[in-house]
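The two complexes that follow have chain A in common; it is paired with chain B in the first and with chain C in the second.
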Partner chain A sequence: MLLACLFAVFNRFSREATFFTTIRKEFRFMHLSLDDIQRLSRLARINVAPAESPQIQNELNAVFNLVEQLKAVDTNGIEPLCHPIAAIEEMTLRLRLDVVTESDQREANMGNAPQQENGLFFVPKVLE
Partner chain B sequence: MNGVPAGWEVVIGLETHAQLSTASKIFSGSKTTYGAAPNTQANAVDMALPGTLPVLNRGAVEAAIQFGLAIGATIAPRSVFARKNYFYPDLPKGYQISQFELPVVVGGTIPIVVDGVEKPVQLTRAHLEEDAGKSLHEGLDSMGVSGIDLNRAGTPLLEIVTEPVMRSAQEAVAYAKALHGIVTWIGICDGNMQEGSFRCDANVSVRRAGDPKLGTRCEIKNVNSFRFLERAIEFEIRRQIELIEDGGRVVQETRLYDADRDETRSMRSKEDSMDYRYFPDPDLLPLVISAAQIEAIKATMPELQKATETRFMHEYKLSEYDAHVLTQSKALANYFEACVNEGGQPKRVANWIAGPLSALLNGDDELSIKNIHVAPAQLAQILIAREKELISQKGALELFEVIFLAEDESARNSSVEALIKERGLEQISDSAAIEKIIDEVLAANQKSVGEFKSGKEKAFQSLVGQVMKASTGKANPAQVNALLTAKLS
Partner chain C sequence: MTFAAASLKQLRAALDSRQVSAVELAEHFLNRAEAAHDLNTFLHIDRGLTLAEARAADARIASGDVGALTGIPVAHKDIFVTQGWRSTAGSNMLANYVSPFDATVVEKLKSAGMVSLGKLNCDEFAMGSSNENSAFGPVKNPWDKSKIPGGSSGGSAAAVAAGLTPASTGTDTGGSLRQPASMCGITAIKPTYGTVSRYGMIAFASSLDQGGPMAKSAEDCAILLDAMAGFDERDSTSVDVSTTSRKGLVTAPNLAAFVEQHARNASTGGVFQGIRIGIPKEFFAAGLSADVAQHVNLAIAEFEKQGAAIIELSLPRTQLSIPAYYVIAPAEASSNLSRFDGVRYGHRAVEYNNLGDMIAKSRSEGFGAEVKRRILVGAYVLSHGYYDAYYLQAQKVRRLIALDFQDAFTKCDFIMGPVAPTTAWKMGEKSADPVAMYLEDIFTLGVSLAGLPGMSVPCGFAGDMPVGLQIIGNYFDEGRMLATAHQYQCITDWHKRTPEVSP
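Take a look at the complex of A and B:
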């Protein structure tokens, strides 16, 4: 969730920039407004009461200050490291054979569903 | 005329989701069969239960490579899976695993032909991703709930994106059909649009002719046939042009096509909800594809549609038209070649497929070349019997229909020879036998003979009819004509 929030902000401040350039070049100055907090809370589906907003704003800005410290390091010519394990040892993605290995586990899988009927999970009505 | 009003230019790009025909899901070992009872094909990974991790399906990767090779694209030696974040009940993880910055297939071209003019459609990319589940609302309104079926969640998709290079609804449809032809030809997608295996979204914008700046685009979703794709785009073009001519502005948004009302309507605005906050998925290392792997897949690829078409023209001396018709699908092309290998004369086989076979297939949507009962050997035998004048054209058609429509196995498997005898379809091509019948008919129809000799052409046809009737339709009509002419002159 925190990751998602961070990237929401990244994207907000660099609409045109690609992801990798985003983390390299942006954030010379980063300060979230209260509007940003409201928007983030909507995107994250986390209800933030207006009274809580300033506190969350401070906390998130503190996170971004950390990011800015990281940004200060010169990373020119260094490949973005999205998968730290790949830096420790040579590793590439493992693939599985295209075979069906799972049987029907519906009963077990739905055991904890608060509401269900005819094999369907019931959720509060989705409005489109 | 391409349906675009003078003074305007239309810009269309297509995004197509092709469901890959793998046995299991893209990141789990669940089945992908369509139409199963709800939630019987969703396992812990598909449901995003805590502690589960995705493991990529090799079959999905190979399908993507095959597609890239088929359209002359670059297969990325290294591509990265990313999370596309949004909340919806049929997306259990709260994100869709997709590819963003570094897709597996880059570039490529698909040629289309509209009004006899060939045009290349450039592709931007094709990337692997997982499908979401399904939300069901029907009949649940009163309960205030939606039903969630996660069987589809995790089904592998290849999203294929074009550059904004199409200029009319007709071009967009031609592209969609060409793409459909490719993915079904190489067998990576079953192409079933009703079941959602091949879904097109169209990005449409308009601008005044000559304007270098692109207009604001709208994305049209929910189009499940080529006809609807054309109509949806045409509606959208009209809507946008009218809006601008009336002094309004197009708003960037997603619009749903409503086939019943033949219109598009606003679904959601892109303003807020569309911030997907993509970032590389830490659960999945980069996908690395070696040159050797690409070469290995290249070696197993079927001959492509265009190549088959050209080969049919040369190898079987078929016209471009015939070769084109026969390569509308891999199954059709295979059927043609199987018939030829069984001894059918290529041009005759081609005519039969384009004629009687197509006519029978068109009568019923459920039937397709894949499950027709007439074995290639049977059709070849029918055509050989016809070539040897053992049966008439009418008899050949009857035989073909009998086998085609047969309900039970034994009728389907009967030999053509036995069926000809059984149904009394042997054609009489023995001149002596036909002459004998003619003599009898002439003797019994002196009045018609007299009329013919006094110049009534019609009387001749009447006599032919009498001979055919006397032979219970079995006499070779060409021979009857020739012999009768000789007798009467």
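Take a look at the complex of A and C:
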């Protein structure tokens, strides 16, 4: 009993004293390798030059060290929350009727095209 | 009274009594905005467009077709798309983008007769807490130009604080209305998720993004939110409150009337009699700077003195809101920002070898460092083999966080605490360490994840820098929140302090 109380006190103390520091604790492990960075770069269509790869790797690993603590949370039986109002009641996402609601805005919509030809978006050859 | 310091009701009276015309008012604020260009608040001003709207407002006033906002100027965060003015989202990706349509919020305020002064600077795609992530340079805090204005709605907050516009629009994904309002000493409300339409708000994290007003007082915010809010079928997550279990609460468009009526009926024996205010101990733990704590505590003491009951409680998962948010928001961002491919709109690289190369180069050149970082994080947490461990787990933790708030609201009417752990910091101070900046969002992220309404109300100054009190309400309880904040502003004058700006 005493032990339990002491433990609770210690827990509380350590939680508050380390409010910010726990999340920055230096239990750093290399979460993402340089190969992972290249894979993500391809997935996201964001070029990462080999020279900047190590810096991006460090920055992303800092983020993943921060989010690592999520794994320790017991979420057994908890449904994911997608629409916040679903926290208090059933929410179903609305679907609109499958009918045309927009008028023809072709010219306005083409107005921002970086390159166009004959009223079509112009892109490099897709098929060789 | 100067127009720059006037409330919306005072501007209404000045317009209705023909003391000033909408054109004169628009010119007054445009002149101020141009004179204070060193603050870098505005990204696009177009006198011709503004004056045309002002002339239309004057015609409406002359014909007696007048609402609360007809002829009053407003400026929009550059996340809302606008016909005429460029819509850049603070990004080189959209540097020259002109929208073929108006966002619902823009359209609603325009039809209420508001006159748009232009577009306001913000962090790129609303990602940031300091406005330093704008591709068009940081906004300066009008209280101290060497400091950040907060973010991401930094331009919106600084412009109101400096009296360059009577009101502005902003958006909040993890605190982007409340935190800059706090750091610039103005009032802002992030309404319940689903209240203000996201249609035409350039998407960052769709399950969190929520628009709201920024102004000098709660009374002004109520008038603005009345015009901005409302169910919109063009936003798939828009909520019609009358179909929820929270129906019967005072919501838009009746907020301003309720705030006024509530003030009239306030009991003389303590204006906050009967109100229970929850104080989460996690909001006052280590990490909160002593000067912010002092002013927030003084504000809470003022509520108590005026009859409110103060209830200590716990939001045990406050700290988890940071990792949950920094999984969910980047995941949704990586999905939303996949639309930028250099094909249909936005930046396109000049040289490329093939279609894939064109897309990757266009995105790499168009996006800034923080946006790329979040896209890469998002791509990882959504990728095969990691989705369950990160994204799904974060969404489950999100529900636990929302349930903690519901538990708290069984014991109190509002939750109060600081908006941010510190006042505005020096420019450049935290930009080298992105994760250090993420930690600053600790008190605002939980509210965003839970989709609850939250306000920032000026409550003091630490040195020369403003401090904001955060008021958090239960779902769709904006009416009572605004009425309570207005009562607080009737007995305090923190919201009336203005920085000295050159013009």
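One rule holds in what follows: the second predicted complex is superposed on the first by the 89 of 128 C-alpha atoms of A that agree within 3 Å, B and C clash if a C-alpha of one lies under 4 Å from a C-alpha of the other, contacts with A are read in each partner's own complex, and residues count from 1 in each chain.
Heads up, the rule we're going with is that contacts are C-beta pairs under 8 Å (C-beta built on N, C-alpha and C of every residue); 3 or more make two chains touch, one makes a residue touch a chain.
What you are looking at is a predicted structure, and each value in this text was computed from that prediction instead of being measured.
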| item | value |
| --- | --- |
| Partner chain(s) touched by A:Arg45 [first = chain B, second = chain C, both, neither] | both |
| Partner chain(s) touched by A:Leu32 [first = chain B, second = chain C, both, neither] | second |
| Partner chain(s) touched by A:Ile85 [first = chain B, second = chain C, both, neither] | both |
| Chain B versus chain C as contact partner of A:Val123, first or second or both or neither | both |
| Residue contacts with chain A in the superposition, chain B compared against chain C | C |
| First, second, both or neither for A:Gly111, with chain B first and chain C second | second |
| Which of chain B and chain C A:Leu97 touches, first, second, both or neither | first |
| Doubly contacted chain A residues - partners chain C and chain B | 18-20, 43, 45, 82-83, 85, 93-94, 96, 105, 109, 115, 121, 123-126 |
| Footprint of chain C on chain A - complex, ascending | 16-20, 22-24, 32, 36-37, 40-41, 43-48, 56, 59-60, 62-64, 66-71, 73, 75, 78-85, 87-89, 93-94, 96, 105, 108-109, 111-115, 121, 123-126 |
| Residues on chain C engaged by chain A in the complex (per definition of touch) | 96-98, 100-101, 192-194, 207, 233, 236-237, 239, 244-246, 285-287, 319-320, 322-324, 326-327, 334, 338, 341-348, 352, 354-356, 358-361, 363-364, 367, 372-373, 375-381, 383, 389-390, 392-400, 402-403, 406, 433-435, 438-439, 449-452, 475 |
| Residue numbers on chain B that touch chain A, as the complex places them | 22-24, 28-31, 37-44, 47, 49, 55-61, 80, 83, 85, 87-89, 95, 100-101, 135-137, 140-141, 143-150, 267-268, 272, 275, 277-280, 282, 284-288 |
| Interface residues, chain A side, partner chain B - complex | 3-4, 7-8, 10-12, 18-20, 39, 42-43, 45, 82-83, 85-86, 91-102, 104-106, 109-110, 115, 117-126, 128 |
